[in-house]
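When the chains are written out, they are named A, B and C in that same order, and each has its own residue count from 1.
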């Protein structure tokens, strides 16, 4: 039986403590795209790159060691099943501290929340590739509140399965056209955190992908969007007091005219 | 694409603003009976008359222009799909203001909530008839709180599919008889807002219709009931600071002895 | 039709009043094990003994007359369908008073909540046996908060369908082993209300039974556990200001080695 009284192992490759709400924030965002993930650990923090099965969206995340209460790691990789990580999160309330430690010998990751110890087998990372994140230079930059985007996404929900994202020098516009109905979110420059483009740019995106990632971003977060004509959209934002940095790329839907 | 930057059109046949909670109150009540509705607009307000497909219940509603923050209408009719109207309501919180305007040329009704613009195609009203609301003179008048009726209806829920509604000179009684169990709500004259009848009157009604309309009435509303022996029951109440007046008629279930 | 204006019958075999939250507490616990129950009434209070269909668990409950606001009973038995009792509870909020009275002539139990009267046919108790509750002398005694056990049970939920319960002279340990994962709750003597055993004792129990009863116990309750090696576990606790006493026995799952 798993020995529940093990104290922190000073020789562990990875050992850390963080607030459960920080871990929950991470997991919400990653699980908007994938079910399993490979974290790459260094003494300075964790990173991950993941692409969904259909290769429509890609996420790159950097978790600085400052996002943790305590963090120790040697260079290594850990593969995690996100559903299992969610079951650990259900054991904790937002203010609880979650301790985690890799048990290298047994190939397990051990979580401690209060008096509960949860051991989970890590995934084999050998088959999990590192997607190459393209370096895009896009014409328009927009800074907008996650709450405004969430409202726009909700409004679009029953209208169509794709959404047009447009920036003009004066406005940011999300719009959706159905057979009989249409909906749009239009925010003027004065209500945006940032709006910078010389010309009008516009691309069409799959609504479900866009919706999943926006719903996973905490309220009150400013999302930096980079946009161009018929190009991927880049979403940049941070959570956990700016110690978790997210770069999300979503491929456009090209309409054949 | 729908132009999101249109300002209020001074030539629109219909243009109004109201609190989202007022619109939600209306929609809840109407959708207890029908899925599509025809509003008849005049410069003084809106009215609607609707009957359900089985012709068991009928609703007549008068929305005075004072229920709106701003109201302008020429004489016209607008047909609306209530499910779509509910999707507009989901964009707003109770205190939000909803602006609406008919775009006569395109046959659309346009809703604005914050930065969101939602355009919906109106329904063709030519096939939607105006039911004739009968002028009934019923023996008993009862005034009772919607909360008390909601409790009575909930209690009846699993017992039977019809409910007996009775008034005596001293009490108002809702009762339901099942094969093994029974339930009743009995409220004395002293706890009623009104009770006026010379003799005992009683009719039997389908529980689902009665339940649907009572659950749609806001808590804390006094419902005026008019009742007779084996006659339709009339429910009269107002919402939105008495600026929305509702007259609901429910046909009795006649027991063949 | 059931006469709703009957006042309390001084000749009733059973007549009582209690807070709806007290009745709800009882019903939650009993319905964790059975759907129908026979209460044995005496002038001093009510008792029940019940065993589940699979004979895996047994509950013995004593409801002292002090748990009631008013209590009068002659020696008798009442059989109740717990689902119907739950429908009565849904008519009341936690602070409401529920009055109940046996209508011996009609074989009905009558509940009154506010202006609502609910009559239900009682069950025939002649076929409902009284299980004999074994008198066990178990080596270990543990006192632990229901909240701590609820957390442990939740953690075990997806891992396995049985749970090991262990006491050592120093700790109380709940643990669950799956194929790849494991979870444990380990609470030291200093964090327990009580821990008394000379040697380590351990038994294995079906998780669903253990989970159902623990989830039905109110938060903040101290549960007294008695435990031995491959023996039934005894859970003792009280609710309703110690006026409702519960003794729950759960048979072990014996592993054939």
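FYI, contacts are C-beta pairs under 8 Å (C-beta built on N, C-alpha and C of every residue); 3 or more make two chains touch, one makes a residue touch a chain.
A quick note: this is a predicted structure, and the numbers were derived from the prediction, not measured.
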- line: Among line, ring, star, complete and other, the chain contact graph is complete
Message: Suppose you list every residue number at the chain A-chain B interface; are over half of them used by both chains (same) or under half (different)?
response: different
Query: Measuring from the mean C-alpha position of chain A to the mean C-alpha position of chain B, what distance in angstrom results?
result: 45
- prompt: Multi-chain contacts in chain B: which residues touch at least two other chains?
  reply: none
Statement: Given the complex, residues on chain C that touch chain B span 1-2, 4-5, 84, 87, 90-91, 114-121
Message: For a test of understanding, state which residues of chain C touch chain A in their complex under the given definition.
response: 148, 151-152, 154-155, 157-158, 164, 171, 173, 175, 177, 180-187, 191
